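For reference, the structure is listed below as structure tokens.
As written, the chains take the letters A, B, C and D, and residue 1 is the first residue of each chain.
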Amino acid sequence: MTDTTRHTASEMLAILSARQLKEGQVVFAGVGVPLLAATLAQRLRCPGLTILFEGGVIGAFVEPGKLPPSTNDQRCTKRANMVLGSAEVLLLLQRGYVDIGFMGGAQIDKYGNLNSSFIGDSDNPKTRLPGTGGGNDISSLTNMIVAMKHEKRRFVEHVDFITSPGFIRGGKSRAESGLPEGGMFRVITELAVFSFDETSRLMKVLALNPGITRDQVQDNTGFDLIFDDQLGVTEPPTEHELTTLRMLDPDRLFIAG
Amino acid sequence: MVAQDAVQPYKELRQNLARRDRSLREKVVTLEEAASFVRDGASVGIGGSTMSRTPMALIWQLIRARKKELSCSRCIISTDGDLLLGSGVSNHIVSSWFAQGGSDVGKKRLEAKEIDCPFTGEKLLLVPALNPDVALIHVQRCDAYGNAQIDGLQFMDIDLAMAANRVILTTERIVSNDQIRRSPDQTKIPFFCVDAVVEVPFGSAPHECYGVYEPMMNHLETYVKQVNGDPVGGMKKYLDQHVYGLKNWNEFLSLIGIDEIVAASRRGRSIFDD
Amino acid sequence: MTDTTRHTASEMLAILSARQLKEGQVVFAGVGVPLLAATLAQRLRCPGLTILFEGGVIGAFVEPGKLPPSTNDQRCTKRANMVLGSAEVLLLLQRGYVDIGFMGGAQIDKYGNLNSSFIGDSDNPKTRLPGTGGGNDISSLTNMIVAMKHEKRRFVEHVDFITSPGFIRGGKSRAESGLPEGGMFRVITELAVFSFDETSRLMKVLALNPGITRDQVQDNTGFDLIFDDQLGVTEPPTEHELTTLRMLDPDRLFIAG
Amino acid sequence: MVAQDAVQPYKELRQNLARRDRSLREKVVTLEEAASFVRDGASVGIGGSTMSRTPMALIWQLIRARKKELSCSRCIISTDGDLLLGSGVSNHIVSSWFAQGGSDVGKKRLEAKEIDCPFTGEKLLLVPALNPDVALIHVQRCDAYGNAQIDGLQFMDIDLAMAANRVILTTERIVSNDQIRRSPDQTKIPFFCVDAVVEVPFGSAPHECYGVYEPMMNHLETYVKQVNGDPVGGMKKYLDQHVYGLKNWNEFLSLIGIDEIVAASRRGRSIFDD
């Protein structure tokens, strides 16, 4: 028996994110928790989930225990439906064939803008982050799910640098910036599940994770949160979810922390 | 329904796509059902080129269904173009490739626009995007979802599939999704671009399908003689005898004749010799 | 023994055109005599000639007796080095990888402009010709060899319609029209071999075919010809050339007339 | 020598190309000779992505040859980027992909230009073309002329080969031209784009080469630990022990160790199972 009360934050992120995906969707997934969560959804409830990777893969069906270290490795193509060029797979985002973009984040702000470039001043940064990769394309062109650890320094009023745009400055500013489609759909953390207000485009708590209070979420967030009128509580991870997840990542590459 | 030379704005293209049922589902239909997806007046992109991988069975069915005012586009037309115009199904065919400075082709194509390159100042000619209402593409094999594999010459079929607002595939064979997944390198069109799949062996006859059969030249030569000799009467006779009156596509193949089909298949497979 | 004094006009065109090609060149060839002549050159003197076809073929090595009916047929790919998309093979012209473009022509004028669209007024044509195909791209972006039958109605002062540009209105007009590179290099007919004057860009007779006089060429041409100062006489077809050519096209698909 | 962000006019690109020896000839050289084709200060496009088909042997040789001020570009850099910067060979690496409206990436990339679409009036962001002086690309197989076949993920390597003013290939195996001609579908780079060919088995180690070997993670983890623990000293030690001091590439492979190479090869080939 798996003890369902004991799990890591990453396991929580992967399981809650997987629940956001629907059978038959086309998902463009980044490496790490997104790749793992999409694969988990495929094994649990959505055998017809089509996973795309920026390396040039459509319809990935990653093998348990053989998780790729990046989305540009040959393991991403195992039993895939199609292999194609990087520019070509990104054009599918542009054309509108992708339902959901799904990635991790280092820093996010109240409008869902993501920073994976610089902490501090971009001309003289305190810390350099890994950079954009395909993240800007994904967030510019799809409805996004972001899975990330919840810390005050990661959830900030305004990101130091917008690498991947969310709703920019809220309201209609995203469309006015030249991005007519897509936007932030969900943010998943170990504390709560978030969506964005339809009008103001401010981040909003949809549901608290089991045992987490409003105050805990607010205390770990660097801006004032809105809470949904029908604030829910997420279902805890089931045994089936946890065992399947651990079967997929037996070396605990992405679920250790 | 979009006029051939009106460029669809990005937002409209995305919205059209959002309205399509792009879910993973089996899309296998009959030739008759597939033809019903093509509305009178539609802009239709035709895959293959000249006598290669022409979606002939589907064109044949569009003629039988007495479609009207189709506005067609293709790399290079051949007898497919004759039949589309001669049967009255199409009244407009746009064919192949751009033209650059100096020629009179540019003067005839007023939709093209000249700009100065924002980086180097050099003169550039921009050609408007073509996003047909529907694309008709014939492939060697695909699965029931529409993951399509094309061997050999691909012409402009991949761009066509991406550009179109709907895609109908005809295929020599429907194979399992497992078979597709064993050679993902060979997949050229992903299922989510595809709206219908029809299995039609020899679906490109009397044209060729790479690696499966070469063109059936005896049939084509007889056809050309008949139509060149008497453009109106010859075409009417061909349509009556080879298109309208027949029970099904196999009956058309039987008119080509088993000898020619076997010989064309033997030549078709010979591309893999050595 | 092949009787080398008896040959068709098409055989003459194919043999003289083949002589214009050099070992190691990259040639973009149209269907018919160009394809045949390039293949002939490959078999006679230039095993390292790289032939490209608009259907998407690099390094074609067409089999004797299996000449393709168009440059979009599978026969074009037999023992080729590479198969690729039509737009991609045309981009190689644009990038400058092709030394020679090689095609036939229905009508040509004194500046080497080709018409394969309309005879008569283009809005109400007397005759419709087959159209451009890849011809415009080829002539816009490479140095061109044109092989065609020599008739007065085909060699005109000004073509009725410029489908494939030569030197447009002569002088520097080609570059001024937006085509900085390429232009007409040779025209080959059953009567003579032509080049174009470096300055005026007018068609010029380089060499007369065996037994052909200046007057015969002029009488069959609809504009005043210039003759090169060192006007030569072409070598007649050799037995080896003729037998090889006939071996390549035993059904006389392209060499009958 | 061209600065990374200066767009070369079409005429200049054509003239550069016209000066290249594009004839059909054998281009097989040693790693040392290939490295000598890369001049100090050159802009260098690097094929593959992240840990896949990285031209590591050639990068290793550029470091040994103490190249200077290379301006590099690649989809996504990994340990290759560390080594290029850490060794002092490169002082500028441009990495991956465009950014669209709204992000701050656009504000940092002043070379990008916004225009209104001449057809629809929509806002478009134009990114300048990148035409590196030289591209370094590792492939599974090619012939002595440079006709190169790539299996599996191709990333941006085809565009890179077309865009560059020179191309150096490293390859797991040099095969006969006959073998290339038996599967022209699989050829991705034609010989006339290629200036030099070097046969280097395991030329992408310790990264992966699709279908041949997976990344050699033990070596990479040891490297990462050493460099993260002491960025300056760790890198110096790695370069001294694994790059500068060695006789040849095989000696580098022997430091990775035969056990890891065999295991990585077994995993690499397993992609073709099922």
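To be clear about the criterion, a residue touches a chain if its C-beta (ideal position, glycine included) is under 8 Å from a C-beta of that chain, and two chains touch if they have at least 3 such contacts.
Not measured: the values here are computed from a predicted model.
A count of C-beta contacts for the chain pairs B-C and A-B puts B-C on top.
Note: centroid distance chain A to chain D, computed from Cα atoms, is 30 Å. Between chain B and chain D, the centres computed from C-alpha atoms are 38 Å apart.
Among the residues of chain D, those touching two or more other chains are numbered 10-11, 152, 181, 185, 274. Counting only residues that touch two or more partner chains, chain A has 57, 77, 79, 83. Here the touching chains pair up as A-B, A-D, B-C, B-D, C-D. The touching residues of chain D, when paired with chain A in their complex, are 49-52, 75-76, 78, 95-105, 108, 114, 123, 125, 152-156, 158-159, 208, 210-211, 214-215, 217, 268, 271, 274. Those residues of chain B that touch chain D in the shared complex are 7-11, 113, 115, 118-122, 126, 128-129, 151-152, 181-182, 185-186, 274. Residue ranges on chain A touching chain D, taken from their complex, read 55-57, 69-70, 72-79, 83-87, 90, 117, 122, 131-134, 136-137, 140-141, 161-165, 168, 173-174, 177-179.
Of all the residues in chain A, the ones that touch chain B in their complex are 24, 26, 48, 50, 57-59, 61, 77, 79-83, 91-92, 95-97, 99, 180-181. In the complex of the two chains, the chain B residues touching chain A come out as 10-11, 13-14, 17-18, 22-25, 147, 162, 177, 180-181, 184-185, 187-188, 190-193.
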